[in-house]
């Protein structure tokens, strides 16, 4: 089944390479996306509901942690792929793309999804590294897809900075490999998570310390930790919106996933104080560093991108603080942010497409232009800002509580304050866009369509995360957290 | 023998920092890669039994990094680089100085202090780490897209040497993966360089600054 | 309850009877100090009776508020008078010191509204100034009174009898005297004898009143003055309990008149102040009251 | 009893939800959806009133359990007496306001009333839950939900620039305030024992003193922002006028009180007694808020802004009661502490009643004239006599004039302040009591001045504009929903002991075992006396005086005065503006245009503005610095890829050096 999860998007990607015409590509895309989504859902729920942890496959493994990621990729990835159909149609109509490019776009999109699945399913540190590097390469092509100056610039910065970062991560992997081989004694299994965790306590601490630094710098670049985040606002703002949604909603999570894995390993080898403290520092830096950019911003997609930096900071901080509350908060936030931010990027993308501009001052009166999409946009913006009844509020509260407990009142207060100030920035721009009058040259109103359902579904999930989580979901989270507090050993 | 090629490896990396003509940099890259493949061959063949793993890595390195990539790069230079001289963001003098500092840092601090648990004799480890850092710094100090591509490959070289030095090579399939990755990455970056040249009429990254704040 | 009401009725009649003559005596004394002969001390009675006989005239712009105000004003002051136990130190259960000050506020409120109602510029000006002066007087008054309250440990007026008879009391008395001068609208704060547009405060609000309404309002002003003086007497120079009613009443009137003479003296030796100099005057009053409070608090 | 309360609760919950969602579904029929939303809200409010009163009067608290809704977070309600009181107050006001809204919202018939109904009912629902839930996280969820829904209500008329600004400053300030509230709760939370209030309370005593003080200060700042205490009140005078009047009535009448609830719940109930300076600080904050609030109110001629500043004032008065109570708790004198707290709570109730009455009155004026500027009004008492009477009742009540309810509660607060002095714990506290009392007196005097202005200028004399001249009495429904509030003003003023003795019960619940004696009041006697005297006077003048009242022109020195000669609100407050010029810093601009000679001016332009000292010297610089620093900080993202690579490089080197 795990292989199916990888093969479905790959196969879809291959199909899209054939010159079939945009109708057929769309159909293939929808089919492939749904198939992949179902497979992802099956795989992850299999872990949670049946408790069936598949560790028989070579190189691939799915445990509680990766199941969460698979679930996120499944939901967000499928939504984005489906949303792409209408997005590309309107791009085609506006003459931004040629029909030939449509097929290539779908192909790359599915390839991108496949590499992300590989990254979270990989049992092998090296395979994971390769997969993550591949996500960079593929998504860089997607970022630069429009081929204009800005897109190329963004893509170039993205690929160069991430490649450099990832190179450092390789050093960390080599050091881990060396440390693990000293304990496990065999080449073949020394890079495998499932063999590494049980012996983690025996790994050499000073080596693991250094390894973690390299890993943090490496995957941290990919995750967008401040000050390694520099590629992120460029890439997110220039990519086609469904790609931005994927980048922000899932790709960052894949990198965070890698960091979590290594953090668990390092914690057991070195003790809590080292990697936890580093993560706390980087988490806070990301939150605080992104804040000024959110307060003073003109480009809506850059605004959202910086907000992603901030939220990555929150997740990393939650991981760094640890404990049941910290992990619960971080995992919930991982899920919630993915849901909220992808909806936000998709709706913002549609708005930007309609206005032919991404500049906030130009996007006046969104409520009159696209009543439904703009309401979704507002709701998800509030969600991202951390307002109830959306899930992010709860996850932030969990992290904050842990912050007050483990880091003292000062840390908790700074954390809450930064989030609140970010909220003010977001609500300021939201107010400017929503509570204003639409220039006369735009047509008004829109029809309810399948796209809106695609946007509303994650939003409903978010609300459920914020006020009523069914018992099953609570169990699911509890399982992941207990997996993490146990140090990743199953 | 091993030390000699190790030094060649390091010096090639270092000389890159000191020069600003792009073709020379590519040549140096090829020389460095050659040194890397020779080291791999040496390690693979010098022991009692032949270590096929190492030999394979050496062969691959030779094929990809000594022949294919430099060839692609030369072609790219021919096609896109109007000027052979690369614009700098940090002057040659100071960048050489910083290069020395980096090598010093690795030799005096990173390897003896931080990596004292790693039981690898000789120059391999410090040279490998220095090269990674030098490659990164090379990218910082050059403002040309092509140079940044070269820098990435230099860093990869350092990584490979590091892998060889510390672990005697990663599992084979992973090495393959990394190679494939590198090749595709370099290709994509090459295509992008080409596009940048087409769109911006220059490779100078100074002009890649429209996206800010 | 019934006997309380009867006592209250008695007090009200006393107030109505006493207030004009106190006013008359003050006027007479003032005249004498200014080497004039002055009107008879009973003149205020004649004035009021005359007013009460006349038919009221109201402005066309007014509503029921204007017609209700004279009643509200007078009854508030009379009610205030009922709160102070006059001859026996017996609480009537209608209220205490705080209620007394707020009854003043009630009548001020209604009068100020009535001043605004005829839509003339004078009335508005009067209301505005009256309310401003009230904001200055109120804290002075309250600080002064509360200083005494703290010494006595209660706000009940029965318990407050003679609360000012201590060293700090003199200071409080000076402060409260300043407040009384301001509250009764006398020089240097206001001049009750003038209708000059630029200076009048209280009279400006009454400008549109005539006849019975005006009579009530004049009476109200006199009752207010009497109540304030009685309050001062009660606080600083209380009646001995247990003496016969007639004697007690005589003593009370005598004391009130004595205080009234003091007012007349103040009025004669001072000149009218500019309106915006008032804060300075009242600040000095407040300072005395604060000193009293300090002495009472830190003993 | 429990069964009945269950029914009430479930019905109320269902009605609010229905009132929120049904109108949204019936969006196409605005009339129907408005009617439905308001009626359901009113029914729910009525049920809530019943539930609240039931819980207030019953000895044992009412509990509802919904089970665990979030990891580790059960959704439990526990309505004890304190919650019951606030629930009853909220429901009372919202019940009447919902009735009022049915007619009032007709002036917004072109707007999205369905959306309004949605936000409105959710807003009330979240307020209801804020005062009844028993779990920190759920409390915070509903607290934020309350802010959010009220933000959308404030920005209902978003086409006006002013409204957008007001909404923004409202949500920003309250959101930042929430940070402090969360901090207070989270410092108290020790990681074990769950999130419910009892668990937090049970170990609050174990915390070191400094931590407890930190919790207190956080709570004061956080809840103070929502309550609108000076200097955190800046949002309040902007947001209240921006919202539709019925919403302002709720926001001012009861939403601010949820902050008082929070403060009492967190500080007095959960944190327990602390040092006396806590209470002293609350008292000081109360005094400052009361004074500053009322002085700024006097300067306003936007009726709703004026009322909003009075909310600041009254919150200050409430806090004076609460603060005094905290001081007594610190000295372990539960009985007078309970009485002081009851006084504060009584003012909560009274303020809810008269302030919502006044806001509804302002709404009626707006309904009739489409303006809120009192300089444009005048003479309304003739056009809308019943509204005028009700507004007058509110005005007298808020000015604390007997025999209305404002006086009754302020009297109790005076008594508590004086208790502070009687005790003679130290000269300092005696002074504090007296000076606070004096400040309260000053507040009362200023409030009276302010409402003479507000009522006098808008209702009395001649209409100043066409708008006022064309006003007509508002629909019966609106008057009828204001009338009970007016009646309550009087009833609570005459028989305050009924309410007071119930409220001491609440205070007694916080300190179990304290026997609190019944409080007797003289208000009824005083009112009877007043009425008796008036009746006698009236009877006498009927008997002996002439029955005729002649009507004549106002005397205007020979000319017939017109509306332009009337005293305006600005001129009314001018003396006070001048007295308090150090605080208000009025700026005057006079431009005279001359005709021929400098003596024959024919046109004078006069402007006078007051400065908001707090805004100019605290908030504006803060905002400027934040934005300026952010702009500076942005230069790190310069667009230079070499620099970006440098960041990675430097980060790595720094970490390597640090790793040692």
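Per-chain residue numbering starts at 1, and chain names A, B, C and D are given in the order in which the chains are listed.
Rule of thumb we're sticking to: contacts are C-beta pairs under 8 Å (C-beta built on N, C-alpha and C of every residue); 3 or more make two chains touch, one makes a residue touch a chain.
Everything numeric in this text was worked out from a predicted model, so none of it was measured.
Chains touching both chain A and chain D: B. Minimum number of contact steps separating chain A from chain B: 1.
More C-beta pairs touch across one of C-D and B-D than the other; that pair is C-D. When every chain is reduced to the mean of its CA atoms, the largest separation from chain C belongs to B. Centres computed as Cα averages put chain B at a distance of 99 Å from chain C. Centroids built from CA atoms put chain D at 35 Å from chain C.
As a whole-number value, the distance joining the C-alpha centres of chain B and chain D reads 69 Å.
For this pair, chain A with chain C, the centres built from the Cα atoms lie 77 Å apart. Contacts with at least two other chains are made by residues 114, 136, 139, 148, 205, 208-211, 213 of chain B.
Residue positions of chain A touching 2 or more other chains, listed in rising order: 156-157, 160, 164, 168, 209-210, 233, 293, 296.
The complete set of chain-chain contacts reads A-B, A-D, B-D, C-D. Considering their complex, residues 156-157, 160-161, 164-165, 168, 209-210, 213-214, 216-217, 221, 227-228, 230-231, 233, 278, 291-293, 295-296, 323, 325, 328, 332, 382, 387-389, 393-394, 397-398, 400-401, 403-405, 409, 412-413, 416-417, 419-421, 423-424, 427-428, 431, 434-437, 466-469, 471, 474, 477-478 of chain A touch chain D. Residues of chain B touching chain A in their complex: 114-118, 129, 132, 135-136, 139, 145, 148, 151-152, 155-156, 159, 162-163, 166-167, 170-171, 173-174, 177-178, 180-181, 184-185, 188-189, 192, 195-196, 199-200, 205, 208-211, 213. Those residues of chain B that touch chain D in the shared complex are 89, 105, 109-110, 113-114, 133, 136-137, 139-143, 148, 205-206, 208-213.
If you check the complex, the residues on chain D that touch chain C are 378-379, 381-382, 385, 396, 399-402, 407, 411, 414-415, 418, 421-422, 424, 427, 430-431, 433-435, 437-439, 441-442, 444-446, 448-449, 451-453, 455-457, 460-462, 522, 525-526, 529-530, 532-534, 537-538, 541, 544-546, 548-556, 561, 563, 565-567, 571-576, 578-579.
Per the touch definition, chain D reaches chain A in the complex via residues 68-73, 137, 140-142, 144-145, 148, 155, 158-159, 164, 167-168, 171-172, 175-176, 178-179, 182-183, 186-187, 189-191, 211, 214, 626-627, 629-631, 633-634, 636-637, 641, 643-645, 647-648, 651-652, 655-656, 659.
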